[in-house]
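Structure below; questions to follow.
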C-alpha cells in the first residue's frame, strides 16, 4: 500500500463533515451527515467538526446548531463556487494540519469530486455511496456499508491503516436532526492560500432551471390514462413530495401534458428513488422507463393491471380518490409538524 | 494542427442481475454471468468519437482488466476507436479505487502525449463514481465531471464543457490536458460500423501491458495497494418487486402510502 | 423553354452518385424496373393517415437518381407489403426501403433510439432491454420441457415480444396449454432462445441481421431442430425466407397452420360457443407475407361457428402499423392505422377482434384503449382456443 500521508496512530479521534451550502444555508445532505456524525461521535466520545468553504458565516452557525463542535471555515472568495482543484487544495491543507480520523462527504456532484481527488492526494481509502455507517471506537474504525451490482450485493468495508477514512453518502440515506439553537461550538476561520496557477476551470455561463429534467428527480409521479388528464392534482402531490411529474403516452397524445414528460421506452428513462404510477396499466414500454426505480408504488382501478406485477406496493382503487386523500394526509402532516 | 490524443477509460462489467455471492467464501461469483461494456463508458466513448468526427482525433481505449475483456472491448474499435490498450496482470486484481486509479494513471503516462482523458460517470458494478477524480489527482490535472457534451477550443489549449444540472446548465472552460467524466445517458452511443468490424474483431492489434510495462510500483497496485478491505459480503434481497397489496377505502390506502413514503423521501 | 416562375429561386438538386451506386448495390437493382405508375403510393396505408401524401413512387425515383432527403420517410414503412402485392413490375418495395435504411446506418443517419435497440440485442439478446436470464419467466409453473430432438415433435419458438411483454406472455401460455391439450410433444429453448433478428432486418441493418441469422442457424443445427412452430408471424417470416437455406435446414410453420392441421386430423378438440361475434384481423406477415389466411379462420370457426369479416381483410387487410420496426418509433395518434382497424371492427358489430400476432395485439389494444366505452377486446387465436378447450 502507498504510505498514507498520516496513519492510524497519528489521527485524532474526530469526525469531520464536508459541508455544502446553497443560498446562505446548508444543503440537506450536510444536515443529514451532521446528524449521523453527531450520533457516531456521541457513541465514541469523539469530536464532530465541519469543513465549510466559501464566504458567508451563517452556514457555520447552522452547522453548530445541527451538532458540530467546531467548524473550520475556509473563508476565500475562490471557494464560493465549487472548483475541484481549489477546494481539494484548501481542504487538504486543513486536514493535514489537524489529522481527523474520519471524513464524511455527500455523494453529490461536488462531494464526489472532492472525495475522489482528496483520497488520492492523501493516499487514503475512500468508500463511496455508503448506505450505512458505524464506528468501532476502540479500533477507531469506520465500518461502511455499500451496495454494488445495481443493488444486488451488499459489502462491509473498512480502512485499517490509512487516514482519514473517507466515506461518501447519498442524500436521503440518513435523516437530518432538528437544530438546537442553544448548542455551543467554535468557528475557526482558516487562512487559505491559493494561487492563480491553480485555477484551471472557469465557469463561462450559468443558466438556472430552464428545462425539465426528469432523470434528476428523486421522486417521480407518473400519470396514465386513469388520471383522466388531471395533472394539476398530480402536480399538487408532486410538490408535497418534492418530486416531478411524468406521464405515459396516452395523456401526452391527448395534449394533457407536454411530450418532454413522457416516460418510457420512447420517452425518458429514469431511476428515481420512488416512482408512483397512477392510473397506468403497466405496458412494458412504459415500465422500461422506471424499472430501475428504488421503490415503485402503483394505483389502478383494475386489479388485473400488469403494473401490479412491477410494483412494490399496489393499491386497487380510484386514482382520484386515493391521490386526493393522500394530498390531504400529507398536508395535515405538514401542518402538524409546524405546530 | 496535430490531432488531439483522447484516451477513454472503459471497463467491462457483469450484468447486474446475474451476479451472485458465494456464501462460503464471500466472493462474487462472476462465472456464467453475462458481461457488457459499462454503459456510462459507452457515453464517454461516444463523446470522443464525436470529437473525432468534428475535427479529427486519435482515440485510444484504455482498460484495466483480465484478458476476457479484450473481445468485448474490441467492439469499441468497431464503433470508431483507433486502438485498445489493456492493462492486465494478476497483480492488478483486487484493487480498490486508489489502486485502480493509480494503475490507469500509469497507463495513461505510458501512452504519453494525451490531450484529454474521458471516463464514464460511474460503473455499473462498483458505482463509486470516483475514478475520474482519482485519475486527475494522480496526474495532477484539472477535472470536470458530469459533462453532457464538450468541444475543443481552437488551438487545443482548452475545451468547453456543458454540464446539465438541476434543470439548468453551465458552460465551463477547462485547461488541457484534463480529465472529464461524462454524464450517464448524455448521448446515444452509435452502433458498430460493420465495415470496420472485421478489422476491429480480428486484425486490430490489442496492446496488453502488465505491471512492468507501465512501471507500476508493486506496493500501489491490486489488493496490496488498496487501503480499503472488504470485511463482509452478502446478496441483497433480490430486485423482485414486493407486489404487496394495500387494501381499504381511499383514506386508509392514502394513510398506508404516506407511511411507506415517509422513510423514502428526502427532507 | 424557360423556367416556370415557381422554380426560379429554388436551389439545384444535389445528385449523390455515390449514394445511387451504393443503393444499386444494396438493392441488387431491385428498384430498376419501376416505371413510376404510382399504384404503390395509392395503396399504401400511409396516404390515408399522413398529413402529407407519402409518395413511395417519388421515393423510388429519388433513390434511382441518388437524391437523399434526411427525414422520416424511409422510416415510415411498416412492411405491410400492400404495395408490392399491387406492383405491376413486381418490385419488392419494402426491400428497397430496407436497403435505403441500410445505407442510412452506414452514414449514421438513423432515427434516435434505433442504435440503442441494436445494442440491446448485443448485450441482452433481445431488443427490449430485458434481462436475458428472465426470458423463460413466462413459463414459470407450466413445467415445459427443454427442447430435445429425440423426444419432441416440434420446437416451439416463442419470440422476444411474447417472452417479455406481460400481455403477450398470456398468448405464450395459452399456446403452450393448447399444444399440450393436443398431445403434441414439444419443447422450448427457454433462456437459450435467441432473438430471431427480424427487428434488426426490418430496421435495415442487414449485416448485423446476417450475423444473427448465421449464429442462430448453427444453434438450431446443433440442437437438431427439424421442425419448428413459431408463435409470431415475424419470426416465421425471417426463418422461412431470410435464414441461410443450407445451414438452417428446418421446416417452419406458424402455430395457426400447425394447429389447423391438428384440428383436421381430429387431434385437437375445442368446444363450440355461438354467443360471441368475432372477426379476424389478418397480420400482414401471416397473410400477405406468407399466404396464411384460412388456417386461423378454420380454428376460429371451430369455436365460433361463424366469423364476421371486416372490409379490407385477407389479401386486402389493413396493416396494424407495428411492423417494419415501427414498434421502436413514435406514431402520433391521428396517424395510427390500428385506429382505422378498430373503427372498422366496431362498424361490423364485432365484439372481439381475433388476431395471431403479438405486434398486432399491441397496436390494436392501444387504439381500443383510446376509445372509451368500447366494449370490444383483442385476443389471440391461441387464447380463444385455450378458453374453449375440450369437447363441445
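To keep things simple, chains are lettered A, B and C as they appear, and every chain counts its residues starting from 1.
Methods note: contacts are C-beta pairs under 8 Å (C-beta built on N, C-alpha and C of every residue); 3 or more make two chains touch, one makes a residue touch a chain.
This one's a predicted model, so the numbers in the text were calculated from it and none came from an experiment.
*Asks:* Give the label of the chain whose average Cα location is farthest from that of chain C.
*Replies:* Of all chains, A has its centre farthest from that of chain C.
*Asks:* Find the two chains joined by the most C-beta pairs in contact, please.
*Replies:* The largest set of C-beta contacts joins the chains A-B.
*Asks:* Provide the C-alpha centroid distance between chain A and chain C, rounded to the nearest whole angstrom.
*Replies:* Measuring from centre to centre gives 46 Å for this pair.
*Asks:* In angstrom, rounded to a whole number, how far apart do the mean CA points of chain B and chain C lie?
*Replies:* 38
*Asks:* Could you work out how far the Cα centre of chain A sits from that of chain B, in whole Å?
*Replies:* The answer is 21 Å.
*Asks:* Of all the residues in chain A, which ones touch at least 2 other chains?
*Replies:* 309 - these are the residues of chain A that touch more than one other chain.
*Asks:* Could you check chain C for residues that touch two or more other chains and list them?
*Replies:* Each of 113 in chain C touches at least two other chains.
*Asks:* In chain B, which residues are in touch with two or more of the other chains?
*Replies:* Residue numbers touching two or more other chains: 17.
*Asks:* Can you check the complex and tell me which residues of chain B touch chain A?
*Replies:* Against chain A, the touching part of chain B is residues 14, 16-17, 19, 21, 28, 96-98, 101-102, 124-134, 136-138, 142-146, 160, 164-175, 178, 185, 217, 219-220, 224-236, 238-239, 241-246, 250-251, 253-258, 260-261, 264-267.
*Asks:* If we count contacts the way the header does, which residues on chain A are in touch with chain C in the complex?
*Replies:* Its residues touching chain C are 225, 250, 253-254, 265-266, 281-284, 288, 306, 309.
*Asks:* So in the complex, the part of chain B that touches chain C is made up of which residues?
*Replies:* Per the touch definition, chain B meets chain C at residues 15, 17-18, 34, 36, 42, 75, 188-191, 193-195, 197.
*Asks:* For the complex, give me every residue of chain A touching chain B.
*Replies:* 1-2, 4, 28, 31-32, 84-85, 88, 107, 109, 112-121, 123-129, 143, 147-162, 168, 171-172, 175-176, 200-213, 215-216, 218-219, 241-242, 269, 273-274, 294-297, 299, 308-318, 321-326, 328-330, 333
*Asks:* State the interface residues of chain C toward chain A in the complex, per the touch definition above.
*Replies:* Against chain A, the touching part of chain C is residues 113, 128-130, 164-167, 328-330, 332-333, 362, 369-370.
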